[in-house]
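Could you have a look at this structure, given as structure tokens, before my questions?
Letters are used for the chains, namely A, B and C, taken in the order the chains are written, and counting of residues starts over at 1 for each.
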């Protein structure tokens, strides 16, 4: 590993060219803002997990990501590795959220943050603030369903909803580098892959606009997706899709990216499969056979932590090297940004080192650059 | 490995604190009785597998569990490792079933057996006998469907079936540490997650009681599950669910624990996902996001044998350490108890050793104690 | 590895008996013809992938199989490992297709090719030519759907279709060692597992024969499968089933072999699950519990290339050693034959070496022989 780590946590060694490639600043093509405020232990633990509260007498520090924070983030805050949870949170409070965030975001060495702005919590840093604090460029990823909810909140007539949504989304897309859908959370990925008719959309909009709120109507979700797919096609923007694990709102088996196959066949825009776990191999296959499909295991890498090299190895089983992207998918905690970047570098180094002999160091280094930054720069037109 | 093994089969080394944790007696939170009688080769081979007879000219000794018996069980019976199948079975016959069972159960170093009593074969040891022979405490796990079949066998009027089942199950639960369902075998896990209405139950009971036998009616299976879930909630008992692989009665893709998601959301009792293979990551995810879900890869570890460390590693990718349990799920052969315990210790040691540097030895040792015994003691109130 | 490899690409070492077993000529129980003609770069890249063309500015040489060709095939054509794609294709053109094919097929050291003749492209070598060029025996595998399409092309009356198809298939089967279905591509594996009625078949044949072409009618596909299953049962021929990944015509989640469970239960003939990825564990499970089911990860091994040892390890987690088969599933490129054989030997050696100590060298060598050749000889009656 090119990454110098304080304390005695161990890393992976590899050839010099490979080290250099792995040390390069990363393009984080999908993340969220981190919390600007100081956090109680309960709030911190809540942000460590995609799930509900841990049972009485237990703690989310007893998870892979919990141990990873103590091992890899503690030194960034000036503590020894293996600091206790209490000592870690005390030190974090002592430094204050801003300084802790700055240290952790910078430790990740990100060159570009592409920030999903679909969560409107004021306590989250904006894309500009993420860039400023992390010493990086920032770009926006627009969440489709949030735009639909914003438009609905303005109370348009049902007959005008489709046009107003398309206008608003095009206006937002024009200022962004990509679009994103969370349809996996709302109705699963086993939706009818065809676009709904105008009449169906107006009827569904009539029902929704009578009491707008979270968009869960399948017709309007499909309509939003298809509108987004057309805009993405026109603007040359990738369409990011949440797939695989996440919080307990979703049903895991209905978030299998393979369920998107018919939709993928029909859509002209580039499609980026996010997270994917445990359907990593399914996603890598889709990226292998559909020229416009890309794959990323952000979030998965962070949460599987010490086991993440295995997940990265699974992506590399079948996916073309020009189709794999890196993200941290950090949300709330800057720790998750540092860990996402750390485990990406460590896991990729481990896999590429394992291939030594079979792949040349030059090839391995080139593959590391493609996955860590170059593929995202090409796909999102970041230069 | 802390475990001294006769002969030259190799093990895994780790730090002293870790060794101590791995040497500790285990809580086997899910197993069945082993056969008290001497076994022919055909009977022995039939109990080595979840499947049907092996094709002509082949033997179930040519499986991972077959080689494991020759490597790890042969020394327990006083033979060299790699004993031939014939020599192994001759030696077993020479010792007699009781002595072979005693040696193998004790070699497993189990502190507590939680025995599923749903299989009523007289040739199986009772929980008390398992404890006595294995030098362990014993507890009962009550199989829901067997209780329903017992009640049906008494021939109650259909209108009284629901109440009689609830009374009988509550009476049994009061003497047990947990309940278990095999609904995966009967109708798969993709059942309607809502409880059936009383009218539906009475109608279904009318049909069933006309010629009672194996319970396969979906309405009555859902009713039994919901009755059990309520009793488990009231008594604070975990509800064990067979998921993943098993004998060919089940359809594997319909035993995916993710299919339980809506049921899990609705049920108040702790739910323990058993076996899980190959849906180990799905099960670990459910344990990660639902506070009342637990995961165990018993049976899987035994049958994957020399490959089991990989399976254990997959559980540890995402599941919180306070949500993972150990079991042997042995049935029929005491060999399966010894192997389940052996591969649990070996696999856990391999994974924790691989984490050395990233996790402290003290943390690794604590995690080993949680998974091997402490989580089960807490969940089943064994102290 | 017993295989001497020119240049400095690294291999895996193992005990002598094991080496010998791994060096033995293989029985490739499922492959296709390779192209007899010289190939342009575009044609070559098209045959390197199961997918569509790679996006502008990218190349399929940036895939695991692309790097594998440069590492392992370049030396067979007399180049250094890591030759550039351009240098490799220049050298291939210089040698000419026939010499390149001869070198690569012979490098694979195949004793028997069982060739699926369902693709009728004149540019593909016939089974006899594959054998002649590769220094091996050759046998035919008859593709069921192609036979149905041939019969339909003759324009029989709809009422005679079923009998003519059965006659033709029986005639073809009599000269072949196995049958194969690609129903996964046509309608997925989640088809109604029951045979259709004669009336349904005649009605469907009436529709199809009005304008025959590619067979996609579910009734006729089920009829073809059941007819084949009966003939296979009568003749003692295995029925090969494409499962898992392939080209983008299929929907991956509908190619899960577990979906075949009810069909498997009903069919008397031996069933061989091909490819399987990523449902390798599901397939291994089916082979473990159904006496007439076999498993093979050909195609997968070639395309996962440097990662293929992990896939082979997954098959060996649960499948009985007498139920695992080897194939290259090469198609079009003789490179895919060499790589399939190479990674089979390398992956099997890696897994068996990892088991050293737990499995004796004699057992490991015997398992290698079973998987590499003996199981196929027994199942296909090749001697």
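Here, a contact is a pair of C-beta atoms (placed from the backbone, for glycine too) under 8 Å apart; a residue touches a chain by one contact, two chains touch by 3 or more.
Chain-to-protein mapping (UniProt): A, B, C = Amidohydrolase family protein.
In this text the structure is predicted, and so the values were computed from the model without any measurement.
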Rotational angle, Cα trace of subunit B (Amidohydrolase family protein) fitted to subunit C (Amidohydrolase family protein), multiple of 5°: 120
Same vs different contact residues, subunit A (Amidohydrolase family protein) with subunit B (Amidohydrolase family protein), by half of numbers used: different
Rounded Å distance, subunit A (Amidohydrolase family protein) centre to subunit B (Amidohydrolase family protein) centre (Cα mean): 37
Multi-chain contact residues (two or more partners), subunit C (Amidohydrolase family protein): none
Contact set on subunit A (Amidohydrolase family protein) toward subunit B (Amidohydrolase family protein) in their complex: 8-10, 49-55, 57-60, 62-64, 67-68, 71, 82, 245, 247-248, 251-253, 277-278, 303-304, 306-307, 310-311
Interface residues, subunit B (Amidohydrolase family protein) side, partner subunit A (Amidohydrolase family protein) - complex: 256, 258-259, 261-262, 265, 281-282, 285-286, 288-292, 313-314, 316-322, 355-360, 363, 367, 370, 378
